[in-house]
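Working notes, structure below.
To keep things simple, chains are lettered A, B, C and D as they appear, and every chain counts its residues starting from 1.
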Amino acid sequence: EDDNSDKSSSAGEKDSGQVVATPGADDKTCDITQFGGEKIDLKSATVGFSQSEKEANPFRIAETASIKAEAEERGIKLLSANAQTQFSKQISDVQDLIAKGADLLVIAPLNSDGWGPVLRSAAAKKIPIVTIDRKINATACKDYVSFIGSDFIEQGKRAADQMIEATGGKGEVAILLGAAGNNVTTERTKGFKDQIAAKAPELKVVFEQTGEFAREKGQQVTEQLIQSNPGINGIYAENDEMGLGAVNALKGAGKKAGAVKIVTVDGTRNAVQGIVDGWISGVVESNPRFGPLAFQTLDAFTKGEKVAQDIVIQDGAYTPENAKADLGKAF
Amino acid sequence: MTELALKGAPVDRARLLRLLQDYGVYAGVAVLLLVNIALTPHFLSTENFRTQAVQVAPVLIVALGMALAIGSEGVDLSVGSVMALSTSLLSLYLGYGPWVALIVAMLGGAVIGLANGSLIAFIGVQPIVATLALMVAGRGIALVLLPQLKDVRDPGMSSLGSGDLFGIPYLVLIAAALALAVGFTVKRTTFGRQLLAIGDSRPAAQLAGLPVRRVLILVYVIAGVLAAIAGVLATARLQASDPTSLGTLMELSAITAVVVGGTPLSGGRIRIGGTVAGAVLIQLLTATLIKHDLPPSWTQIAQAVVIVLAVYAARERGKR
Amino acid sequence: MLSVTGLTKTFPGARALDGVDFAANPGEVHALIGENGAGKSTLIKVLTGVYQPDAGEIVHDGSPVRFQTPLEAQHAGISTIYQEVNLVPLMSVARNLFLGREPRNRLGLIDFRRMHGEADEALRSLGLRVDVKRPLRTLGVGAQQMVALARAVSVDARVVIMDEPTSSLEPREVRTLFGVIRMLKERDIAVVYVSHRLDELYEVCDKVTVLRDGKLVHTGPIAELDRLRLVSLMLGREMGEVSGEGVTKFTGDHHAGREPVLSAQELTVRHTLHQVSVEVRPGEVVGLGGLLGSGRSETAKAIAGALPPDSGKVVVAGSAVRTGSTPAAIRAGISLLPEDRKAEGIVPGLSVRENIALAALPGLSRFGLVDDAKVDKIVDTFMTRLRIKASGPHQKVGELSGGNQQKVLLARWLAMQPKVLLLDEPTRGIDVGAKAEVQGLIDELADEGLGVLLISSDMEELIEGSDRVVVLKDGAVIAELTGDDVTEDRLMHAIAAAPESDAELKTVAPDAAAIVAPGSAPAPVSGPAPVDKTSSGGERDHD
Amino acid sequence: MTHTHTERPARATGSGPSPGKGASGKDTDEAPLGASRAERLSALAQQHGALVTLLLVAIGASIGFDTFLTGDNLENMAVSSAFLAIVALGMTFVIITGGIDLSVGSLFALGGVLGAWGSQYGTLVALLLPLAVCGLIGLVNGLLIAKARLAPFIVTLAAMLAARGILLAITDEGSNTYLVDEKSFFASLGQEKLLGIGVPVWITVALFVVGAVMLRRSRFGQYVYAVGGNEDAAALMGAPVARTKIAVYTLSGLCAGLAGALNAAWLVSGVTILGTGMELEAISAVVIGGTLLTGGFGFISGSLVGVLLLKVIQNVINQIGSLDSAYQQVVSGAFLAVVVIAQTWLGRRRRMM
């Protein structure tokens, strides 16, 4: 049978590239004089890229591929390192990149806090840093230049909106949490719960267990859940993989498609296909194709132009209405 | 009269302790079942038992191989990575039909086991490090072979994952059959006896002319193949090959199941029945914590406490 | 000094001690004897806090005590050599000697210089010359036993307990040991002495206590009992039945075949063996003689494939055997009863039954499945034939008494029906009754056409049992005694006559040399050094 | 009384080589079980097998990559090795007693969080709180292992879970990261430099010196070896077996807690996701350093070399630049295997003599 998920990562598809959400003028900006560095020619510069996790899930694959493709297209020398989900390793990785002579850094942080040593090393050499996907808790335009990424709280809120719509704002929902201690988890949870509390007080969150962002774990937890809470109306999975695991569990338990509403975050092809098949009610996109925007920002910055400190991208959403049509946009 | 009392007392106490040691883990399972029946809504249903049995099957299969490794005074940390490798191989070769893929996946496990066993038996590397090296490299190889999660849409695989025979899921049947086979191997075969002797006193086994190297290599090959089978079953259940996360921390779950089941880590003794009960105990514990929706902090602490209690009940006594 | 009353200790399945009374008095050497499994070691372990008694009272220095750990017993001035060497093999000889009472400098750090010097002296005064910095495990069992002795007597103890200290010792070392014991006695120290070598008891002991099946059967001055009476008390049989027990049971001559069944040719192992050649013909018992560390055990191990030789050949019944592989040697019909039964012999966690069947398993299986009926039969046969004392075939071997463990091992090898049997100290730690049985068995086996290579530090056993004795020194063959030359005198002569080699380790200290001659009157003790010196070590303990 | 025994071995031997030849207090540092020259050489090779490998890899790396042998790079490696090294120090003691401590990764993370939280009450609290809590968990480990005779693997596995649970509980399930004031003295412990070298590196070196002296030259150290070498014999020889075991697990807990706290000072925050897999890293470092997992044999200095070796390998993989993450794992696994094989081979030759 044809399986299209393995040839999905197509960073070249510009039409699905990221769009900045609010290029508003009120946003804080940063330029090279403010930052205290010197102009350089991006073309001849070395860019260091630190990836936080193995390129083994669709999100990370697409993210790294997008960065690499863009660097190649622009003819920029790219050094990369992968922290294999170990924060200590990511700190050393970035320091290694600096020691190896990176002039600019693009970091996909595993964690928001704990970047002191890296920021100190970078500051000593005035190396501009752009963080993608997750933010670093530090001072923009001083410790780093810009953050490019989604607003995870917002993602949670939008997922809540979808859940409210799917369930009609009544009943019981469960949350499949991401890995514990991870700020993506924290923020996607917070946004979701806040929105539910504000908009649909009759919708109750009755169950929150971690699925560790993995499909298998998502499936196992859901299997337990549907037995202890047979009346559950909706499941909010903080990433697609866990959501797909939940679908597996529901199938295994003999439930019908759509009997339990599932809302997930990310926008992988499999999940969007799930909407088409009727198992998933909605997917909030979290676009991983950071390459173009990241290099655009670095380019502008190194030329001395102003860049926004917070470049929040506009994430799309997949719903039963657009899923079929937008399937090609999914990663 | 006093003499009688004197005679009887210590022996009886010792026997009682030994009973507890031998059956402590079963008692633990019973307690957890009772607690759940009393406190967990909708616990007493065939569906629920089915879920628990299906979820525990892969862990149990890995634990069976682990029990052999531990019985030989070793340990196999690479099992989780072998599961990942087997799922990668399975996906890659599914095009040639499920049987071919299954055999290739098992061969993959056997090769890793052979590498483990050779490092341990021929070079004399300590099991924990030898298998640690293959744990790291194994998952790397799995990811090189299959760099990302891939859906498995094979009808054979999907019926393996969710089908059943007379109402008993295939997964459970396979796990039970393997448990019986391994139990039989330990109890009744020459290999089993030799394995225990090697685990108890390697120099003595060596001097008694036992084929120490062959036995050790076989142990790790079996552990590898069992882990590969578990990988295949997990894949069938998930309907996808996920070499990144499949089997992570499996080594710790398996070791816990084995040790909680009363097999000492010092080798020379293997309890397969206990291992089954140990795996079930851990599964029930996890299920209980999830069903009651406890926060992760609680879950971890509760697991720690139960593990210690279970091992305490099953601990080796009488040694001074 | 140290006394117990009504001591009882029960193990699951065995009552090891049953209301035993026992007292050790200052300046008195008290022998503790009994069959294997009579409870001697258990008594000692209960006395010194290894085990806790189920009932009974221990009085030390006039007040009741109950030691929780061996350490407490040591602090109370009880120093013990436990049966089976109990030292740490990976640590150096000196560290073993001084563990827990290392000399320290002003900073509280260990003064290795002093420690090594003192360790060297302590051992040298016992006639043992080894580099005290090498790991203990590189020493033979006998030498390790001497280290344990040095450790025990070098603390400032009031009671010294020795559980079979001579089981691996040569006559020379035994003499040294006796010298030490006499010295302890003079210093008004109470000595408890366990041994299966009855002759020794008469030499050094004042009193004797006999245990049987965990019960006290006799206690009194040893001079009042003759040897026969002692044996009959131990075995619980009438005098008439036992007359003759305790003397070797060898008949002497066997009818050897002509073609050697085993021929080891020019075995060489670096630093250890130098072109050692030994031949054994079917039906012949060949003894390997030599001093402690002369390479007898190594020779046996090299033949049995447990020690890969650098060069040399082993031929069994005409065909060459692959060296350096135990399975190959066993397949060829060579069986080795190893010297270090605790570390290399028994598999402690397995049952008596499984231990006996272990080596023979492939022959007792079909398609890899164990044939339990066959196993039971063999186990039954040997448990009866060797009179193995266990609560049943399913008892763990680790729980048996030392002598019974040895019998289990013998059974393991006899079950293999070997062509050649290499016996390294086969009667070590075996009681008189069993010893006679084992010796009779060796004879019997030889008569059945088995080739036997016998290593024994019991000179009498070696001489009586062997048809021929090959004498080793420093890992090389220096003489071969045949026919009428097989006498203790000749053997000692051969050993002494060989030119002194320059090997670092085996030089015999001049004062110890005098002790070597057997049969001579108790030799002068090698100076009061060990105790004296080490008592200063004891004082140092507190700084 | 002592005057009769002042005779030194060198004088006592008229003929033949003195058994005490080459004796100099130093043998204990070089070849712990030292003896004949050949044996000593091979002991040296074994102990320094890891060092030799380290040098080879380092030389190769400096030839292959001109950015390897730079001050920055070395300094980075040194500081980031420091924390693992401190954890490995405690682990060395545990492993020499024949045990293992799987809880160190979680304790490291917990120590960091407690240190960061405590830093708001001053440096003393920031240091003592992690030490107290992690030391206490180590003590409990030790008690369960020594007194209740439970397997170290399982006890410390449970402690690993429990410590992670405690960490989650005090950080609102991991969503709360405590920050360290960058200007505090505590933060400077992680960041300041002394003579161009980071304070954590100095602290690590000091701890290793103390650890080495403790292991080699103190009575406690002898007990550690004895317990690992043969526990039963050690007990019969009067070594305080239980106390020694309790002490090493407590020590390991303290080391992990301290390393975590210093790491928090370095990162200026109590990162909650740290420490996963750290126990395996520490164990491999110790084993690569020549310590036997079966106990009774090992050295402190080896563990340091082991840590550096792991760090250098990681650095080299990064120097290569664009190795796919999957291949990175294959390479590090293969490398681990090679190092362990080499080291085992050397060790076995030594043991056969």
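Here is the rule we go by: a residue touches a chain if its C-beta (ideal position, glycine included) is under 8 Å from a C-beta of that chain, and two chains touch if they have at least 3 such contacts.
Just so we're on the same page, UniProt names per chain: B, D = ABC transporter permease; C = Sugar ABC transporter ATP-binding protein.
Since the model is a prediction, treat every value here as computed from it, not as a measurement.
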Between the pairs C-D and B-C, the one where more C-beta pairs touch: C-D
Centroid spacing, where centroids are CA-atom means, of chain C and chain D in whole angstrom: 41
Distance from chain C to chain A - Cα centre to Cα centre, in angstrom: 72
Euclidean distance of C-alpha centroids - chain B vs chain C, Å: 43
Mean-CA-position distance for chain B and chain A (Å): 36
Where chain D touches two or more other chains, by residue: 168, 173-174, 235, 324-326, 328-329
Of all residues in chain B, the ones touching two or more other chains: 143, 147, 295-296, 320
Residues of chain A touching at least two other chains: 54-56, 180
Which pairs of chains touch, using the document's own definition: A-B, A-D, B-C, B-D, C-D
Complex interface listing, chain C residues touching chain B: 8, 10, 12-13, 15, 50-51, 54-55, 304, 306, 326-327, 329-331, 336, 338, 343-350, 354, 357-359, 361-362, 365, 368-370, 412
Residues of chain A that touch chain D when the two form their complex: 51, 54-56, 78-82, 84-89, 91-93, 95-101, 110-117, 120-121, 137, 179-183, 185-186
In the complex with chain B, residue positions of chain A that touch it: 1, 3, 5-6, 54-58, 61, 180, 206-210, 212-217, 219-221, 223-225, 227-228, 230, 241, 244-245, 248, 251-253, 270
Residue numbers on chain B that touch chain A, as the complex places them: 40-43, 45, 47-48, 51, 55, 143, 147-151, 153-154, 162, 234, 237-240, 242-246, 287, 290-293, 295-296
Chain D residues touching chain A - in the complex, by the definition given at the top: 65, 67, 70, 72-73, 76-77, 79-80, 83-84, 168, 171, 173-175, 177, 179, 182, 190-191, 263, 266-274, 276-278, 311, 314-315, 318-319, 321-322, 324-326, 328-329
